[in-house]
């Protein structure tokens, strides 16, 4: 894999043709190394998230008891924190696990579900952002709420914004927090505050399946786990791979539930030729 | 949609032929408006419930933290409370959310899972009933337990009674609590205490899938959200629609797991002609 | 069903040919009696576990509130305790329910997920083992950790050991705890401390589906519920049946998600001829 790009001098953006081999390398490395990904996530997403990680070749572990963090988290290759069903009881474990990952130089990824929906949730998300996640992945409304640090117009867990509406907010958040920010939508946007790429894999019906957003965040954690020095590239790769699995699944699907099944099956079976042919990642202005 | 029927003078019951257009209007209105349905529900059901709401066109949000209720619940178009995995920790949030919905004139729906199984559960359910749910949906054993306010012969979460055994209990509960009561079974019974209709859509194998009962309760919340003045009709519509999706799913199913998938796919794809042809709602004596 | 074998004089091991009718009898008895199985289990597994029990003809109930144990547990025919997402809050209910089952002479089954991963988890598991489970089912790493009572080399929830590596540990644990110990793997090992059989049904891809291990533990609880005097045989039967359902499912599967669906469908539809033909249980040295 290429050497890390220096932050101050971003290299020219690659075309999709150039991204393909890198995306494939990320997936095959996850399959080969089977990184252990600790997930502290919402109740709705646990099943699909665990199955997404298993199908990609990673090893999921849902561990959220505060007392277990000191023993367990240092062994995890990456951490995924998702606030979807946040409670006062779980927040300390999320923070302790994030701190443990940072201390040991391991990556962690934040999914700020419905960040702008309540003051409690926004405050918790901002505290988590303060713990320096490697990657933040949300929808447009969530990234805008985090960037503005304000409770905003959001409709529950679904976005009121296109991902492209959140591009400036994503850049500002990435710069302020010195992390990668990914915004899911018709185009998935990935930025490190300077570079911006768009991944255009996936199908609209994936939004009709609960926890697909949560699951791709966990997949990002697995990809960053095997390439922590290139979190920007690993994040784009994970979003593209999940989208490709959705595209292939859609060819067989008759609705959201069969799409969910075929997506996971496809993720498990993805081969190099398919990945190279379908990767659609491009530089955005 | 027709004007609200005065409680004291129930209109003549409609035939299935007359119900069809109304049922379709309810579904298409949910698809058009995408009501936000807050769900405080059991852990087993969260996945299927969220996917049921998404497939019907509604927007689910699983939010149960007490601190978030004041910010979040007033924005929800309806609330679904399900006590399936009830705990002392969650009960205050259920009650606070129900009170918030009532205060803002929004509908809320109660699923009293295994109400008669333990004294703790029965007491909690009776307190929730005291907060004036718009609709209560349970199986025969649950409705009988609530109506008698007694811990009774129940087998875990499964019913020991046919829905028709609970008809008088349902009427009494609806009158005492001034709400709609629905009893699921081979025939789904819906009553406002005076009128009684039976919805005979659905297939027996749906009982072999966990959380189908919970999910149809959430669907009722979505339907009542878009037609709060006709909770009786909206409840019957939701039960019929879910049953129709099951019937169509059954044509393709080879067992409970494929039925679950096809049910959700079918719910997503239901068209007007199919709904009009299959609705089976009739007056009961 | 044969009379109980005296512990000190184990009878000769049966061949697969002799096991077949017994395995089928166990499954058909579960279908006929529909035992109520209380499950205190992790959040990831609840959906698949409930659907596994329903498809096998049992009646699952996820009840974990401490206050409900005195009313509820005495009615359950068996209890399944799984520490996958263990927390300090849930442990007392697990222990109270296990004690209630033992007091009333009912069987209970322990799934010590990731027992060796943290000191907190190991301590909790050892306390639970002290409450005399009827059966303990884990993977190789978990059984070794319990047998040695030490935090050991484990990779999250996945095993670092083959089941056969854990044979001596399983025997020692069974003898020390006077219970049946089952170790899942390519060969599922079942021992009462003296007798050892291996069940070789199942397919490797089942490990790529989250919660299959948890679900077969619940199935063991259902089987032991209907034949508590032959916990050794009932455990082997449950592992074989779940594996057979996986084998049949695999014929139709295109990946882990479709395998999950077909496995549950197959479990629901299993007939006598298929069971008799496929049961593969043999004495191990």
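Each chain carries a letter (A, B and C) given by its place in the written order, and its residues are counted from 1.
Everything below uses one rule, namely that a contact is a pair of C-beta atoms (placed from the backbone, for glycine too) under 8 Å apart; a residue touches a chain by one contact, two chains touch by 3 or more.
Everything quoted here is computed from the prediction, not taken from an experiment.
The touch graph of the protein chains shown is complete. Look at the contact of chain B with chain C and you find different residues on each copy: under half of the numbers used there are shared. Remark: rotation between chain A and chain C after Cα superposition is 120° (nearest 5). Chain centres here are Cα averages; for chain B and chain C they lie 35 Å apart. For chain C, the set of residues that touch two or more other chains comprises 43, 47, 89, 260-261. Interface residues of chain B facing chain C in the complex, by the touch rule stated above, are 42-44, 47-48, 84-89, 114, 117-121, 151, 155-158, 208-211, 253-258, 260-261.
The touching residues of chain A, when paired with chain C in their complex, are 36, 38, 43, 46-47, 50-51, 54-55, 59-65, 67-68, 71-72, 75-76, 89, 260-269.
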